[in-house]
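As structure tokens, the structure follows; a few thoughts come after it.
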Amino acid sequence: MASPKKKLQGLVAATITPMTEHGEINFSVIGQYVDYLVEEQGVKNIFVNGTTGEGLSLSISERRRVAEEWVTKGRNKLDQIVIHVGALSLKESQELAQHAAEIGADGIAVIAPFFLKPWNKVRAEEVLGGIQEKIPTFQGLKFSDTDLLDFGQCVDQNRQRQFAFLFGVDEQLLSALVMGATGAVGSTYNYLGKKTNQMLEAFERKDFSSALNHQFCIQRFINFVVKLGFGVSQTKAIMTLVSGIPMGPPRLPLQKASREFTDNAEAKLRSLDFLSFNDLKDGNLGACS
Amino acid sequence: MASPKKKLQGLVAATITPMTEHGEINFSVIGQYVDYLVEEQGVKNIFVNGTTGEGLSLSISERRRVAEEWVTKGRNKLDQIVIHVGALSLKESQELAQHAAEIGADGIAVIAPFFLKPWNKVRAEEVLGGIQEKIPTFQGLKFSDTDLLDFGQCVDQNRQRQFAFLFGVDEQLLSALVMGATGAVGSTYNYLGKKTNQMLEAFERKDFSSALNHQFCIQRFINFVVKLGFGVSQTKAIMTLVSGIPMGPPRLPLQKASREFTDNAEAKLRSLDFLSFNDLKDGNLGACS
Amino acid sequence: MASPKKKLQGLVAATITPMTEHGEINFSVIGQYVDYLVEEQGVKNIFVNGTTGEGLSLSISERRRVAEEWVTKGRNKLDQIVIHVGALSLKESQELAQHAAEIGADGIAVIAPFFLKPWNKVRAEEVLGGIQEKIPTFQGLKFSDTDLLDFGQCVDQNRQRQFAFLFGVDEQLLSALVMGATGAVGSTYNYLGKKTNQMLEAFERKDFSSALNHQFCIQRFINFVVKLGFGVSQTKAIMTLVSGIPMGPPRLPLQKASREFTDNAEAKLRSLDFLSFNDLKDGNLGACS
Amino acid sequence: MASPKKKLQGLVAATITPMTEHGEINFSVIGQYVDYLVEEQGVKNIFVNGTTGEGLSLSISERRRVAEEWVTKGRNKLDQIVIHVGALSLKESQELAQHAAEIGADGIAVIAPFFLKPWNKVRAEEVLGGIQEKIPTFQGLKFSDTDLLDFGQCVDQNRQRQFAFLFGVDEQLLSALVMGATGAVGSTYNYLGKKTNQMLEAFERKDFSSALNHQFCIQRFINFVVKLGFGVSQTKAIMTLVSGIPMGPPRLPLQKASREFTDNAEAKLRSLDFLSFNDLKDGNLGACS
């Protein structure tokens, strides 16, 4: 993904695609969104047009324009901008990859085939073997499963540490860090990036008990919303709440998050101090203890 | 799907998209393909750009050109040409539907959301209730599951018999006919259409034991290839064998069927007389008894 | 299952094990239960200690006593009494089989391994090949899946028609009859046996439209309760309602059906005339049309 | 599980039930097995009659005798002996629990219902809430899923640290340790206990890179056998190889591990030095680096 010069590490926000009430893309808030990620959440890498960004619900031309806008607004502010170019049609995927290169994105990512696909489940560690012979520009993996045997064996292969191993199950990131994850891609880093960065820092300095406290704190929120039913629609509602930037409703086939969900999520965010940045700046975990 | 004037019934072949060795669409054989379906298999309805046609692996412009070619070559030869316009992006789906109307297709079909989708499994019979209020042009359902409670309750609702209920699990079509299916959409009707039509006729005249013999005969073949691993790639290989029309390999992410598969499938087809049309014309079931 | 002399066919009720409020077996109503099945439902075969009978929740000694009671009370009234002797411990299974023979049951049935088990899903038709060499007393199969390719290929193998093929998905029995089912085992035959027998008779005389009407009628009820959450607990509540014989609550780990379920089920039963046998005797389908 | 006095922690070997070639229990080697665990693997806790021990394939009387033998031979040698008393029949489970108390086992464990069971998946963290009110002797949890959100939220609830949280997915134990696991129950600790203890010690002293090296080393073996097909049969074959104590074949419905599996597993064990204890005693990781 990232160019060899700079290695992708730390948190990568899977960006939401802001939309108007009518499901059209709201390009106007993307600049503000970039500033919010950098200044409020301390997140300087993004993953554009992925599942969280409803990338596969957008037309090819919309995906191009969304990518362009993030690259333009992120320039000199973000470290790495990765454009997801996966599509059911490889021709369209190739077109998007070409476009990402032209606009100067830092890297691309591609989802594995999910409609027409090989018979048997292929494990990531099996794919990784000798991948650079097949894909010379291969830079790393976004791993979004809880099978840490497979994940671990990917890391284990990577003796020269040339690849980035980005974990995609936000609620158990700590378990992947200890298994060798070099970073993480997720939707919650849009609004829990600061908190998650605190966990990464604690882990770096081997302060496990603090790292675990941060992880539990994050889990309490995710566990709460998961029980309510948590997906892209709900992520848009939560991000609107926390950031104040209007993300709008999702596009069909997704339905807008219910008012009940939003009210419950807001109450939970408050109870955990996730809506009170001063406290978080002080690293106040009161609400989480 | 079908225009109100003519009701869609009987067999509908889910067409393969013929390709060259390099995975480019081979438009040149589609005319011959139409004649083969009508003259050799007695199949006069087609379902274009579905899963069997690798529709979702094609670019939007390719899907338009494939649809145009089938409509052009099928004119005055086929009863109904249904274009599958499902896409992950609703905008693209709408564009394809508009195009299908413009080129004079008889109907469109759309797959249910399969990437971003509602939480809980929605049953077809729940969707069907009052659907004409939502979709005035709604004509029917392609049902490709073995849950015949759901299927039956769809048919049961349809008191005025205004809808077509097309079953999509070829190997157990007989079980759906007795439950009220009005027709079938499938990939095997490309090469087992004649045989399946014999089953439909036996069922019509209440000759169950013959109908069951035909079904078992078909099942022996499908059961055999299912154990070898049966999908779109294998369907292309089998159709090439049986029709003599080169369907070519599938496009990535699918892999070409193995030589071993093709050899085994051919032997099985011969042992069941599925490669000997004279015998079939005589309705010779020797090989299947 | 059945002794070679008499072939098992038609409906087989998977018997409920009546219990007291404290979850002890209520042997006292089993005689009445036998008479109800024969006289009110026209069902003369039973499958004892299966899933519906909570057989695997009973101790081995309880299973022996339940089997004895059914054999005693069913003598000269029932055609065939099949005792399910499946257990996780093969030693216990063998003990129960020996016991079933000693008490003069007509046959035994055994569930396939479901805890420790072979790697890959084994298809019934693969197991059936040459089974009489392995199990000389093998009499037939209870097939409780909707994969009618597998089911059909079991029937197809059985040229000499020596085996019984009993279908176990009550709500789509008609689809299996056309595929060659010789009978059915299920929980709904405890209270919808009469109705289902009407479907079997219509199918026998090739009156498909009546058979389908009966099937739809049955599906309306099953579809309704399935949406409410339908299992053994609910079956006990429904049977108590319809037969008037107290079946009691299930034993843990199952929970008693909710009052809400029972009320809704009762209303549905009434709306379909399933609580009014005179109407059913007249074959009145008014409520179902 | 454990009595309040001594807390269960560290590794717990899920014991194999040794059998003769005819599938009868081979009680004669259990004393030797105890010594092997303590002296060669440094494992002083055992979990008897679980899945690895084919507990559910044994009759109730066999389970009692197996438990007695382990308690007798383990006295004054093992720290904690936990008897799995789960059964499909709660009556039998209660009988086994009573028996475990009588023979002086340190604790019991029970599997969750897996045949007749509640509708919706219940999360462990939901069950844990207020469990001591329901089960005053509750001591902890064996968690054998990779959902570390659920696991973490169990640990998070346990402020007073009164419970043991034993992780059951051996190949990713490190990921659970960082999430607060207090120990582990697994089949691989029978023969990889020493190696796994080295990982626990490294983790304790915050030497993550060593801990991760040990985890990867273990993963290489498990990943290898998982691809070959890994279950109780294979565990018996591997333990026979590594310990030299004859574990015998599994009991039906399991099939004995193939010769091919055993040969491949042995070669892998040698290549990783898992058959050369002197090297391991020196903590030599050469083979794993």
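A, B, C and D are the chain letters, set down in written order, and residue numbers restart from 1 in every chain.
We adopt the following convention: a residue touches a chain if its C-beta (ideal position, glycine included) is under 8 Å from a C-beta of that chain, and two chains touch if they have at least 3 such contacts.
For each chain, UniProt lists the protein as follows: A, B, C, D = N-acetylneuraminate lyase.
All of these numbers come straight from a predicted model, not from anything done at the bench.
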So, comparing C-alpha centroids, which chain is the farthest one from subunit C?
A
Starting from the mean Cα coordinates of subunit C and subunit D, work out the distance between those two points in Å.
39
In whole angstrom, what separates the CA-based centres of subunit B and subunit D?
51
By the touch rule stated above, which residues of subunit D touch at least two different other chains?
none
On the basis of the stated criterion, which chains touch which? Give every pair.
A-B, A-D, B-C, C-D
Looking at the complex, which residues from subunit A come into contact with subunit D?
125, 146-150, 152-153, 155-156, 171-172, 174-180, 206, 208, 211-212, 215-216, 219-220, 222-223, 226
Taking the complex as given, what residues does subunit D use to touch subunit C?
51, 54, 56-60, 62, 88-92, 113-119, 229, 231-232, 250-255
